[in-house]
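Shared between the two complexes below is chain A, which pairs with chain B and chain C, respectively.
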Partner chain A sequence: MTGPRTGGAARARRRGADRAAAGAADVRPGSAVRPAARDRRIAPFGLRTRLVLAFLLVAAVSAGTTATLTYREARSAVLASAQDTAVASFREQVETLAPELPIDPVLLREYLFVIASKSKPHPWVVFAEYGSLRVSSGTNPASTVITPDLRRMTLARSRGSFQRVVSAGVPYLTIGVPVLVRTGPGSSMPSGLVLFAVMRMTDEEANVDALVTAARDGALPGLAAALIPALIAARGVLRPVRQLRRAARSMGSGRLDTRIPVRGSDELADLARTFNESAGQLERSVDELQQAEARARRFASDVSHELRTPLAGMLAVTEVLDEDADGLDPDTARAVRLISAETGKLAVLVEDLMEISRFDARAAELNTDEVDVGETVRKTLDHRRWGERVRTDLPDGIRARLDPRRFDVVVANLVGNALRHGSEPVTVRLSVQGGLLVVEVADSGPGIRPEVLPHIFERFYKADAARTRSTGSGLGLAITQENVRLHGGTIRAANGPDGGAVLTVEIPLHGPHGSQEATA
Partner chain B sequence: MRRRIRAATALAALLALTGCGIQETDVIEAGGPATLDVLPAREHRMMAFFLSPDGLLVPSPRSVDTRVWDGAVGPESGTAPEPPSTAKTVAALLAGPNAAEKRAGLSNEPSLPDPSTVAGTEMSGGTARLTLDTPLTPLTEIARQQLVCTIAYAESDNGGVPVVLVGTDGARPAATCDNGARRPAPTVTPSETG
Partner chain C sequence: MPRVLLIEDDPSVREGVELGLRRRGHEVRTAATGESGLAALAEFRPDLLLLDLMLPGMNGVQVCRRVREDSQLPIIMLTARGDDFDVVIGLEAGADDYIVKPARTEVIEARIRAVLRRIEAPGGRPSVEFHGELAVDRAGLTVAKNGERLALAPSEMKLLLHLTAAPEQVFSRQQLLEHVWEHSYHGDARLVDACVRRLRNKIEDTPGSPRYIQTLRGFGYRFGPL
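After this line comes the complex of A and B, so read on.
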């Protein structure tokens, strides 16, 4: 059960090494400036838009409120002036009447014409009511504009009243004045005669419309002017925010030494300072972790190295013992052979460990060469005398840029694994798919259990937990994977349709590209 | 988000409330009435109160005395003209509107009694009294007002005299003419209405 745990730790170590390598590769001290095209775009509801909108809203509200209040006051003044003039002059005109009671309609009409001719400030039409008589200075004896409310108020109260009415879009001022007759000094009584004047307020309407235009013409430049401080303020806020974003992105991509210039003493400067402090702490922590990892890695590497020298001696001795084993008594011979076999395994394990250490330390080199892949695979199989046990499908003429030694390790590991854990026949199939060299190694065994599949490339992972004694080092597939990666390729394991395990390696035909060649 | 919506609503409401152009208004009282000096002097008129189609009391003065124009009475002749008697005025009211008054749509309240029922009028202690030879119960309030106002203005210039109506079924409490008239308060010197 120690397999997965060790594998996980190794994975974490490797990730740390990757990051350390990436960080070491392109550190640019204080590099916070990397103008990307999308930095410039304006988000639909970004900070700038919101700030500008807020400024405009404030400006609009204040301009609107000012304009509205001014407009209302001015409108009231315009209307009040017209109304007061009209009401006063109408009453004045009515008081010049001298009708005889009861009213004679013909005479009354004459009077109304006189009042209408003295309209002020605008022409009005005069209507009179007396009992059931309806007389006017216009064409209709009764008005359609005068509301029942005004009529009732004028009839019921001994006071003048007016009302503004909008009829068919035209504003009218309607004035009602009851006529009282004097019955003595200081006393009077309603005569039953009431007079109404209806005056169009077209001039006032024009004046009021002019006020609206003036208010609008005043407010719009104000809004335009508000746009300038809005943009300036947005810029002042957005620049530090943008810097912060770039710095955060830069840190995310491994440049832990990224810092932001701190300007001023506002909240944004505080934020920048906090960011810098956090970045410093993070950098220190990561540094410590990396050092610890490096120590652990070096230890593993040193142990392997230290083990190699005594092992070489032991191997030499066990070879001699092996040769002489036949001459020993059977018990001793069995013990000698066991020691010899175990020493051989130990040597393989130590070699594998050193190989893995080199990968972890990024010290593995890729020495590529243009080779015929089919030929290379055939050589690998022949070299290990697997020719009869492995079926091959190796088309001629597939050429790829590979490290022949490492590719040999990959093929040998995969085929050896298949022969060891699966059952024969084992098939090696070679093909080219879209610029990728594809090597498929399939066996005819029971396949790999689904729960094991994700882990088989981990170090020291044992597919069968009960099988404590393995013939392999437990590092074969891990080393294979590292080698494939070094080529810029991928490896994956699956179960074939017939049940056997299928391991597929895909390697770019023209060698690894990008940073891997540079960093390797 | 909800707060933003609420703010927008408030703004929209403010704008809607403001409105543009000229708005309608309610009826607004402005200043006093027009007061005319067209009534003939009390000595030369007989004034009855008829009803308009709107149910309002409308005074209708009738010139009764042509002697003033002849010079038979008046300052030149040295004879002070006498106003027509209240009894005559009440009889004229009960007789109904004349042609000109009818043309203006003036009428009598139907429950008013016949002219022949007037038994007498008298003035005592600042209160006018009309005695009718008929029950008062059928009289409507507006009919009673027609009588009260006609009598009050016949007995005084400004109609401020209380009037007691007496019928065959008893007397009614003293009432004053309530036609929306303006009178100077009894204790205060001339009114503010001018």
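After this line comes the complex of A and C, so read on.
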């Protein structure tokens, strides 16, 4: 082989290898993950809902706590200030008037009016109790609001006492002060007369109500405002998560160069970075694997290419050897015939290897033509002079779009195999089932052993370990399978009900894509 | 016996094929390059050219085009299967047939004989037939259009003779391969398509919408109706 030729052949081969590498990166339809299956329903409490609920809960708790504390403090402050003023001014009035207070109900009532007129901060009604005597500055001589508790406490303490009472929905401040009688300088004792003041606290209540309203009105916009950061935070988390999901799906469908844009430096950015690094490593190792595979395939292809050229020279002269062998001495003649026969087998083997490596490199082409299938099969059998040994069931008029040369290889390999390994009669049956062309090749032999059945389409598979070499190249059924696949069809092997092996090929009638590609 | 010029760069193939053909009585001249082959052409005057497609320097397709410029010498390409693309280019360049290497001498010889075989003129018919503007002389093996003689390569001539022998009859591509090229039924239909294209370029007024050689999608080709 000369230099430039090697270069040309190598270039041609590289073309195939490149195609192989490109083909290997393709996603096969069978292994592609259907997006529909991946579109899982999001749980009712998704990340967004949970984040929003958490934000609202925090906002509600903090607003509620603040409002409650403020309310309690403000309320007691408001009430305390009112009641301090009232208690102090009432006590002062009582102490000022104490020495002059008469027991006479009419006079006493006049005094009570005086005290009532000086009520502070709100108008109050003054009641006086002395034994069974009941006098008041109001319309009723006795109060319905004053509790026995207050009476008891007032009697017990000389400085008097007060109590907040709610009666019929109205809040009252009730104050009791005992009137003291001076018994000497610096000493005094209760006179038995007790004065009570009853003051409505409606203004204070209104103030406190206003506080509650204010707290509520403040909390509601607060909660609404909490929704916004909640949604923003949810979006900030969900967007990277969505990106990650999309990227993972894209990687799963074979696009290994998928990367995620990394924004910021938070944990999600870290996750994105880790994803990108892992994707890069995955891409690199897949790349290496593919390269190794492509190298292996190229090597097989190169080897058969290199073998072919010397074989072409040898095969051209086998005839010369065969013809002249008769005139040689017996040993030389045997040797010459052996070389001639094996050269022929070697040529078949190398052709089959070339064919297989073209399939591996996805460089095998399908040159389809519309043919009468029955006629095509008959021609295959006639051409190999198998007509007498094979029974046929070939209905007329079945037309299919297929590559006649490859279909011939399929039928010839199946029938040849049946004749070699099974026993006659061999039957070829043709039928159409739902857009599929079905070719069935059955023999009448013992069938295929069950443990062998899954392997018969493997390359160089030896059903019998003792039989080191069959008459074929060992690639026949593998090539048959590849040819069927190229047509978009399937092939399967089984044992028939009567024991013989049955190989069934199914090919789409209208070509692998059902298209009309050829010209005639 | 036919005189064969073999252009093949690989010495073992060249020697093997030469030896095999010579044993069968052919007169064989060999050349290792396209250039030396073309030079031997004028002097050796072969009946047929066996041409390797992958040659150093000037390649087989270029040699083929050069030969076709002024000669209708039968050309058979030698090719390695798998170089499918080159086969099509070679056929477009005017080759009549191709052989896949490695091949036995009997296969090569059968192919040579098939290409050289003349289609018998049917008896009892006038030797010159007129189809539209075409005048086909079956005995003299000439075709003229509007009185002007067309240069047809052997495969083109045989295809036209085969089709005009039964005008309006449809032939499948596999049938044409069998009868015109004497291939087995399962031959390469691209051979037919390439030859039809070349023929149309020579005989049709507008090769894009052919009148003489018509395509029947899914069935094949037919001559006419005009």
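Methods note: the second predicted complex is superposed on the first by the 277 of 520 C-alpha atoms of A that agree within 3 Å, B and C clash if a C-alpha of one lies under 4 Å from a C-alpha of the other, contacts with A are read in each partner's own complex, and residues count from 1 in each chain.
The working rule: contacts are C-beta pairs under 8 Å (C-beta built on N, C-alpha and C of every residue); 3 or more make two chains touch, one makes a residue touch a chain.
As the structure is a prediction and not an experimental result, all values here were calculated from the model.
Novice: Looking at A:R420, would you say it contacts chain B, chain C, both, or neither? Reply first, second, both or neither.
Specialist: A:R420 sits against neither chain B nor chain C.
Novice: Does the superposition put A:V317 against chain B (first), chain C (second), both, or neither?
Specialist: A:V317: touches chain C, not chain B.
Novice: Applying the document's definition of touch, where does A:R273 land relative to chain B and chain C: first, second, both, or neither?
Specialist: In the superposed model, A:R273 contacts neither chain B nor chain C.
Novice: Looking at the overlay, does A:V212 come into contact with chain B only (first), chain C only (second), both, or neither?
Specialist: A:V212: touches chain B, not chain C.
Novice: Could you look at A:R334 and tell me whether it touches chain B, chain C, both or neither (first, second, both, neither)?
Specialist: neither
Novice: Looking at A:G192, would you say it contacts chain B, chain C, both, or neither? Reply first, second, both or neither.
Specialist: In the superposed model, A:G192 contacts chain B only, not chain C.
Novice: Could you say whether A:R239 touches chain B, chain C, both of them, or neither, answering first, second, both or neither?
Specialist: Neither partner.
Novice: Among the partners chain B and chain C, which is in contact with a greater number of residues of chain A?
Specialist: B
Novice: So chain A touches chain B in one structure and chain C in the other; where do those two contact lists coincide?
Specialist: Correct list for chain A: none, the interfaces share no residue.
Novice: Hey, which residues of chain B end up touching chain A in the complex?
Specialist: Residues in contact with chain A: 11, 14-15, 18, 20-39, 52-54, 56-61, 100-101, 103-106, 153, 157-160, 179-184, 190-191, 193-194.
Novice: Any idea which chain A residues touch chain C in the complex?
Specialist: The contact residues of chain A facing chain C are 1-5, 8-9, 12, 16, 305, 308-320, 323, 344, 347, 350-351, 354-355, 358, 363, 365, 367, 369-372, 375-376, 379-380, 383, 399, 401, 404-405, 407-408, 516, 518-520.
Novice: Going by the contact rule at the top, pick out the chain A residues touching chain B in the complex.
Specialist: 61, 64-65, 68, 71-72, 75, 79, 83-84, 87-88, 91, 94-95, 97-105, 130-133, 147, 149-150, 153, 155-166, 171, 175, 177-192, 195, 201, 204-205, 208-209, 212
Novice: Can you list the residues on chain C that touch chain A in the complex?
Specialist: 9-10, 12-17, 19-20, 23, 54-57, 59, 80-84, 101-106, 108, 172-174, 184-190, 192-193, 215-221
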